[in-house]
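Reading through the C-alpha cells given below for one structure.
Letters are used for the chains, namely A, B, C, D, E and F, taken in the order the chains are written, and counting of residues starts over at 1 for each.
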Amino acid sequence: MAKVITLGEMLLRLSTETGQRLRKAYNLEVNYGGAEVNVAIALSLYGHDTRFVTRLPNNLLTDGMLNYLESYKVDTSYICFGGERIGSYFVEVGAGNRSSKVVYDRKYSSVSEWDKSEIDFSEFLKGQDVLHISGITPAISKAAAELTVELVKEAKSHGLFVSFDCNFREKLWTIEDARKTFKRILPYVDICSCGELDLKYIFNYDVDAKLSDALQLANLYEQLLDDFPNIVALYSTKRNQISSSHNTLIGYYYINNTLYMSNEVNMDHIIDRVGGGDAFSSSVLHGYLSKWEAQNIVEFATTAAALKHTIKGDANLVTENEVMDLMANGTKISR
Amino acid sequence: MAKVITLGEMLLRLSTETGQRLRKAYNLEVNYGGAEVNVAIALSLYGHDTRFVTRLPNNLLTDGMLNYLESYKVDTSYICFGGERIGSYFVEVGAGNRSSKVVYDRKYSSVSEWDKSEIDFSEFLKGQDVLHISGITPAISKAAAELTVELVKEAKSHGLFVSFDCNFREKLWTIEDARKTFKRILPYVDICSCGELDLKYIFNYDVDAKLSDALQLANLYEQLLDDFPNIVALYSTKRNQISSSHNTLIGYYYINNTLYMSNEVNMDHIIDRVGGGDAFSSSVLHGYLSKWEAQNIVEFATTAAALKHTIKGDANLVTENEVMDLMANGTKISR
Amino acid sequence: MAKVITLGEMLLRLSTETGQRLRKAYNLEVNYGGAEVNVAIALSLYGHDTRFVTRLPNNLLTDGMLNYLESYKVDTSYICFGGERIGSYFVEVGAGNRSSKVVYDRKYSSVSEWDKSEIDFSEFLKGQDVLHISGITPAISKAAAELTVELVKEAKSHGLFVSFDCNFREKLWTIEDARKTFKRILPYVDICSCGELDLKYIFNYDVDAKLSDALQLANLYEQLLDDFPNIVALYSTKRNQISSSHNTLIGYYYINNTLYMSNEVNMDHIIDRVGGGDAFSSSVLHGYLSKWEAQNIVEFATTAAALKHTIKGDANLVTENEVMDLMANGTKISR
Amino acid sequence: MAKVITLGEMLLRLSTETGQRLRKAYNLEVNYGGAEVNVAIALSLYGHDTRFVTRLPNNLLTDGMLNYLESYKVDTSYICFGGERIGSYFVEVGAGNRSSKVVYDRKYSSVSEWDKSEIDFSEFLKGQDVLHISGITPAISKAAAELTVELVKEAKSHGLFVSFDCNFREKLWTIEDARKTFKRILPYVDICSCGELDLKYIFNYDVDAKLSDALQLANLYEQLLDDFPNIVALYSTKRNQISSSHNTLIGYYYINNTLYMSNEVNMDHIIDRVGGGDAFSSSVLHGYLSKWEAQNIVEFATTAAALKHTIKGDANLVTENEVMDLMANGTKISR
Amino acid sequence: MAKVITLGEMLLRLSTETGQRLRKAYNLEVNYGGAEVNVAIALSLYGHDTRFVTRLPNNLLTDGMLNYLESYKVDTSYICFGGERIGSYFVEVGAGNRSSKVVYDRKYSSVSEWDKSEIDFSEFLKGQDVLHISGITPAISKAAAELTVELVKEAKSHGLFVSFDCNFREKLWTIEDARKTFKRILPYVDICSCGELDLKYIFNYDVDAKLSDALQLANLYEQLLDDFPNIVALYSTKRNQISSSHNTLIGYYYINNTLYMSNEVNMDHIIDRVGGGDAFSSSVLHGYLSKWEAQNIVEFATTAAALKHTIKGDANLVTENEVMDLMANGTKISR
Amino acid sequence: MAKVITLGEMLLRLSTETGQRLRKAYNLEVNYGGAEVNVAIALSLYGHDTRFVTRLPNNLLTDGMLNYLESYKVDTSYICFGGERIGSYFVEVGAGNRSSKVVYDRKYSSVSEWDKSEIDFSEFLKGQDVLHISGITPAISKAAAELTVELVKEAKSHGLFVSFDCNFREKLWTIEDARKTFKRILPYVDICSCGELDLKYIFNYDVDAKLSDALQLANLYEQLLDDFPNIVALYSTKRNQISSSHNTLIGYYYINNTLYMSNEVNMDHIIDRVGGGDAFSSSVLHGYLSKWEAQNIVEFATTAAALKHTIKGDANLVTENEVMDLMANGTKISR
C-alpha cells in the first residue's frame, strides 16, 4: 500500500433533505467535502496511508473537520492553522426532474489566502509515494494557483508519483486561466483525469465529431499525450443525466495507447451524486497503484463511483471488497 | 404583472413520512394546502401581486397559516375571522405500488359555514385584474356554492378576468350537484380547467371513443364552447400512474379553435404529487397573462407541474426561471 | 376466520436510514421482526385470531415487544420468560446499486436455549386450528431444532393444520443440518413454502435445466410430493433483483397437481424488502384458509408481498381490502 | 385484579416539540388522549382487565387509535363506529415562563353526536367490576351528558363500583350546566375526584378561608358527603405552578371521615404535564381496589402523577413496581 | 401603531441541538438573526408597520431570508442585492454548566462592503416614524460605521424618532473604535439601550462602587445625559447567569430623571437566549410608542425578554397579549 | 504529554430520546461507551497519546467503533478481532423524578471470552507510560479477571504507571469476587479511584459514622494505604441525586496524607450522566501527569465531570482550556 498525500481545500457542506427547497429548510445535514479530502478518505478505506494538508482557521467547526479526517485515519498533522474562514457550500438536493443546486460560500477562505512562501513543502512531501491534487485547488485564487504549481514541482523533485484531476469549475475561474495554469501543472503529472469537454474547450484539441464517443476521446488523449508525453495514464467518465435521481455512467481509462471502457452502469435511485468523480479518481489511482489490469481498473472505478451515488455525504465510504462484491454478484441482500 | 385574487378554503395538511403507514406515524409533517392557496403562492412566485380571501377561526394554528401566506407575499388582509374549525387533511404518502391515501377532516369548517350575506365582495375585488377559483370551493357546502356563484358574478361585474378549475371531487358532492353549480358558474368564466372525464360525466358530452385522446378532447372542448362561448381558453392534463412514485404527464391547452399538447413528461421519483394540478393551472394562467404562445404555455405548465412532484408540500415553490431552465437544459446539477 | 398459532424467535431490529452506512449511523430505527411474528401480524390484520409463542428475557425492551404484538391483537399470553438475551439484528438499508446488509446478533438468545422439556405443548395448541412455523426456528440451535420437530408432531396430534416455510438461511446452519431436520418436519406439514434452490440443493432433486422456470418448479414439486404425499399445497416466489430499490416478483402456487403462477409485479422504489417472504406466506395461507381459487391466491399473495416492500418494518401492515384494491385498480391516489 | 370499564372520547393529540411555537411547527408529534383512555391504560399497566368504549368514525386514523389501545391490552371490542370526526387537540408545549397552550378541535366529533338510544349498555357493562368516567364526557354535548347520566345509572344497576372524576373544563360548558349534570351523576358515584375549586364554584359550598388548605378541603368534602352520602372516597390534588417546567404537587384522599395528604412532590424538568390528573385518578383507584391503606394510596398516587410529568404523551406508562421504587429509593440510575 | 424602519445585517444562524457539541453535529437547525431583524419582527408582531433594509447577495439562501421576513409582514422591498456573502453564525447551544458558544463567519459579508454612497436614504426613510439600529451595525466594518452615522443623521433630518441599542461586541471592534463612533451617533438618538459596562468602559464615566446597582446605573445615566441631552429615555438589563439553562433578569428604564426597575424574573429551563436583548429593546420601544407608564414599560419588556428565552430562534415570537397574560397570570396551562 | 494505554470492553450504546420510554422508542441514538474507551478519549482531547486495546468481532458495526476511536486519535492498531458479539447496552434516559434505566446486553461478548494466553502483552505495553483500567473489565468474566490481573502485572514489569478505577457494578459480579480480584490487582496500582462504599463493603474497613464525610473518607483511605502502601494517590466523588436532571457533585483527592476536596458543583439540567465517573478519573490522571497542585487537580476534575453531564454520549468531549475557562469564568455565552 502506498503513502499518498493530498492537498486542497476542505469544505463544510450543508445539505437539505430530499424534497425540501433550501428556502424552506429548517434543518441542514452536516458533511464535509473537498475533492482532495474525498480522495484521501477513499484511498484510506482502500488500505493506503494517507495524509491531507490544508489551511484552516482554528475554531469549533475545525474540530469537527479534524475528527472527520482522523476517523478515516487520514493524517492531519501537517494541517496549518490560519486565515479567517472555512470554505462552505450548501446543497439543495434535487429529485426527479428537479436539479440539485449548489450555493458556494468559499470566497476569502483560509486556503484562498495561503501563500506558497509560508510553506515548507519538503516537510510534508518527504517519504510520501504519491501526490493527488485536483484542478479546483488552483482555481480558488491566484495564490492557490501559484501554490499548486509549486507543489507539483516540489512533489516531482521529491520523487513522488503525481496524480491530477482537471475538474474544471466555471464558477471559480475562466477557461483561459485554467488553460494557462493546467499547462504549467501537466508537465509534472503522471496520471490525469481529463474529460472530453476539457480536451476540446480548455486544451483546444479538435476531433472528428462523427466518430464514436470512445474514438473521439482516444484521439483527444493522443493529442494531449503529444504535448505532455510525461503522462502515463488518463481517465474520465461519461455521465448521462436522465433525471436528478437517475443517471448512467461509463468509465474510460487510457494507458499504453489503448482506451479501456467500462460497461455502462445504471444508477437509478441516486441518494447523493456529489463526490462521484472523486470516487472514480481514487479508484483508478488505487487500481493503478495495485497494478491491476486496465480493464479491471476501469470497471472497478466505475462500480465504485456508482456506489458513491448511494451514500450520503461526499466521501465514498466503501471498501475494496464491497466494490468487488458488487462487480461479481450484483445487488443482493446480504443476510 | 397582474393583480390576482383567489378565494377558497385553506387547509392544514398533516403527512406521514415516506414508508410509514398513518396507523404507525409518530410524527406528522405540517403543510398547508387548498387549491386557491396553491395557485396564489405559485403566481406570487411568478411575480404577480396576489391576494387570498377565506374565512378562518382565530387561534394559534391560524397564526401559522397567515405567516405561511405572507411569507410568499400573498395579501392576507381580507381574510375574515369566524367559525369554528380549520379544515384539515391527513396524507398517508404512498410509495411504489402503495397508493397515497387522504383522510379529510374538513366538515363544519369556517369556510363551509360562510354565508355570502356576510361578504362585501367589492371590498376585496376592487382594483384586481384576475379571479381564480376552483370547483372544490362550491363543493364544500350549499352556502359555499352560493357564495362561489355570487363571487364569479361580482368578479365579472367588477371587470375581472375569471379563471375556474373544475376540479371535481366525488367525496365532496354528487355529479348532479356539480353539474348544476358549474352551469351557473361557467357563463362568467374566461379560462377554465376541465378534463375529459368532467366533460363526459359532468357535462354529458359524447365523443367518438375511437378517436385519439387529443382529438376526443378537442371535440369535447368544442361542445363546451358551444354552450359557453364566453370561455376563451381551456386546459387539462392526462396523467398515467405507473406507480405512486412514477407517473407521466401530458398537458393540453385549447385556444382559438386549436388544441396544443405538450411533450409527455416522465415523472419518476415523485416526492409529493399533491398540488400538481394547481401547479399546472397557475402556470397556464401565468402564460396566458404573459401573452406567451400557446405551445409555450402548455410546455411551461407541464414542466412546472412536473417540478411540483419533486417538492414536499402543496405549493409549487419554483420561479419562472427555474421552469424555463428545466425546459431548456434538462436536469443538470448546478454548481 | 381461523385460530392460528405461530412459534419462533422475535427479534429486535435496528435499521439505518436510507443512504446512511451503519458505520456513520447516529440513529437507528426500531422495529421488531421474526418470520413467525410477521406471519402472525399479517394474519391478524386479515382478520384471523392469532397467537404467538416464544421465549424472551423480561426487561424494558421486552415490554416494547409485547406492546407491539398486542397492538395487532396477537395473543401474547403464552410467551415464556427466561434466558438471557433478545435476538437482534442490524439492517444497513441499501439503495440503488448498494445492497442491504444484515448484521445478526442472535446467538445465545432466549429462544436458542429453550429446551422442549420445559414446554407443555398442549397448553397453547389446544383449540387452535393452524400452526405456522418457519425453517429459521430449527436453524437457531440444536435445542430449537428438537423443539420444532416436537412442535409439529404435537400440532398434528392436536389436529392442527401445519404450515411450514423452509426459509433456509446459510448463516445459521449447514445444508446438511437443514436437510436432516426438514425431513423430520415435512411428514407433519400440510402446506409448505419451498423454492427452487431449496428443492435442488437441500432436497437434492434433479430437473431438466432446459425447461422453463415454471416447468422446472412443477417438476421439482412433484418429486417432493412423491416423498411427502401428506403435503397439500406448495408455494414460492421468484425475485429478480435489478437493484436494491428495484425488484420484480413472480409468485407460484402448486395444488392438485397444477402450478399457478402470478403476473410479474414490478417493485420499483422499494422502501423495505425485509418481510416480503413472510407477507407472501401469510397471504397464501389466508387465501387457502379462505378457500379462494388457486389463481386468485397466488395473485393476492404476490400483490400483498409487493405492498410489503413499500412499508417500513418487517410486518405487512395491510388489510385484505387494500390488497384487493391494488389488484383491481392499480396505484391511484385515494382522495 | 378488577375488570374496569371506561367510556369517553378518545382524542388525537398533535404536539409541538419543546421550544417551538405552533405557528412555526413543521412537525407535530402524534399521541392519543382522552381522560378515560388514559385511566384505562394506566390501570391496564397496573394489572387490571380494562375495556374502553367510545364512538369513532372508521378511517386510517382510527386504525392507529385501536392499535394504541390494544398495545396496552385495553379491550376495544365494544367500540362503535359511526359519526364524522375524530376529536383532536393541538398542544403547544410550554417551557420555563411560557405556558403550554391547547387548541381544541373536538366539535362535531363522533362521540358528541352519540345518542344514548343507540346503545345497549348491558352489552358492555355485564361482568365488569368498575366503571370510571370523567366530567369531560358529559361536557362534550347535550347528547353526551344524557348518555353519561344513563351510563352511571346502568352501571349502578349492574352492580358496578362507579368512579367519577369531575374534571371541569370551562371551554366545554358552563358552571351551571356542569352543576346540573354533576348533581344527576353523583348519586350513583362511589369514588369521586373533586377539587377545592369545584366544591366552591360548582357545588357552591362555603368554607372559612382562614383555615389551612387541608382543613378547608376536609370541610368542603364533608359538605359534599352530606349531600351525597353514597360516596365512599374523595380525592384531589393541589398543584403549584412555578413555571411550565417546574410544578409541585400535593395529593389529598378523603375516606372514613379523614383527609390524608401526601408529601409535596417537587416536579422540576417537566416533559409533559397533560394526563397528570388521570395518572392520579387511576392510581387512587388502583390503591382503593387493592385495599391499600389510605396514606399509602395518596403517596402512591402523587408519586405516580409526578412520574407522568416525565413521560411524553397522555398516558402514564409506568408499572406499580416503578412507582413503588421511586417512593422507596428516590431517583437513582438503575444499572 | 408606528411605521418603524430598521437597518442592519441579517445573519444565517445554524445551531446544534441541545447536548450536542458542534464537532459532532450531524444536523444544524436553520434560523435567521441580526439585531435589527429581531427588533423588526418583534415590533411587527406587536402591531407596528415595519421595514427592514439591508444588503444581501441574491441566491437560494436569500430567498429563505426574504420569506422569513415577509412571513412576519416585515417590508423587504428596500433590500438591496449585491456583494458576495451572507453573514452567518454557528451556535453551539450550551446546557447546565456548559456555555453556549458562537462561531461567527460574517467577514466580507454584503453589508460589510456596503458603501453609503450607493444609498439614497430618503427613498426608504420617507414617511417612516421611527428608526431602530444597533451598535453591531457600525462594528461590522469601517464602511458600515460611516453608513450608520449617515443613516442616523438622515433619519433625524427626515424627522424620525431614533432608537439605538449600543450592543458592544468585543469580537467585532475595539472599545476605542466603538467610543468614537458612538459619540458620532448619540447626538441623533432619542432612546438608547446602554448598560453599566458600556457606560464605564466605553464612555469612561466613574461611579461610586459602593452604591447599589440601581443607584450606580442612575448616576451613570445622568452623566450620559449631561453629554447627550437629546436622549429622552435609556434602558438596559442586568442578567445573572446561574448556568446556561438558568438566568435571572432585571430590567431598567430611565426617563424624566427617574430610574424604573422591574421585578427580577427567574428564567430557568432556558431554550435559547440569543435575541433576549433585542426582545427587551423592541418591547421598551413598543411601550414608549404606546405611551405606557414607565414602570409598566420596564415590567413588560423584562417579561417579554423572559419569554424569548423559551423560544427557539432569535426572534421573539410573542404578541402583546401573551406578554400581558404572563404578567397578569403567571405560567398556567391554557386549555 | 504521556503515552497512555487503556484496555477494556467497548460497548455499543443505544439511548432513547428524553421523555420517551424504551417500550415506545421508535428511534435510538447511537453512541459508544466503555469506561476505558471514555478515559482514552478524554485523555486524547487533553493532549496525550492514547491507545485502546480490546477484542471485537469484525463486522459493519465494528467499522463505526474504530472510526469513533480514531476520530479522537486513539490508536486502534492493537485491537484484536475475534469472538462473536459486541457488548451493548440500552439507556432509557430519565428526566425529573424518573430514573435512567440501563438494560445491558453484554453477555458472551468478544472481550468476555478473551483468554490471556492469546495475548502478547509486551507488544502493546512496550514504550507506553501509563496504563488505565477499570474494575468493570475483570467483572465481565473469569477469563477477563485473569487477563486484568496479568495485565497490571505486565504493565508494572514494563515500568508503566498503573491507574485503576474500582467501579464496582453489582449487576456484573458479587462483592466477594470483586474483593478477591481487587486484592490481586491493587499491589500493582499507583493511582486508584475508590469510593466510600467500596472501602466499607468491598474492603470491609470500619469508620466512625459520626465523622464528617470527608474525615470518614480520609480515614478509610489511610486503612487502604496501610494494606497497599504502593498506592500514591486516591480519589472519588460524592454525588447527591436530587433528581435525574439535577445532581450535585463533590470531588475528593487524597495524596501525601492529605485529603483535598472540591467545591460542590451544582449540576442542574443534566443531559447525560453516563461517563461522569470516567470524566473525573481521566481528569485526575491528567492533573497528576501534569504535576498540578492537588487542590487544582480535584477542582479541575470535578468541573470536568460536571461538563460531561451536559454532553450527549459517554465521552467527555472537552479540552483542558474549556474546563479551565469554566473554573475561571463560570457559565457565560461566548460570542
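Everything that follows uses one rule, which is that a residue touches a chain if its C-beta (ideal position, glycine included) is under 8 Å from a C-beta of that chain, and two chains touch if they have at least 3 such contacts.
Just so it is clear, the structure is predicted and the values come from calculations on it, not from any experiment.
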Minimal step count in the chain contact network, chain B to chain C: 1
Compare the contact pairs of B-C with each of A-B, C-D or B-E and report the one sharing over half of them by residue number. A-B
Let me have the rounded angstrom distance from the C-alpha centre of chain A over to the C-alpha centre of chain F, please. 42
Between chain A and chain D, what is the separation of their C-alpha centroids in Å? 63
Name the residues of chain E that each touch 2 or more other chains. 21, 23-24, 26, 67, 101, 269
Spell out the part of chain B that touches chain A in their complex, as residue ranges. 265-272, 303, 306-307, 309-313, 317, 325-326, 330-335
Touching residues (chain side chain C, partner chain F) in the complex: 14, 21-30, 59-61, 63-64, 67, 84-86, 88, 90, 92, 101, 103, 105, 107-108
Partner chain C, residues of chain B touching it in the complex: 18-21, 23-24, 94-102, 104, 169, 171, 241-246, 269, 273
In the complex formed with chain E, which residues of chain B make contact? 67-68, 70-73
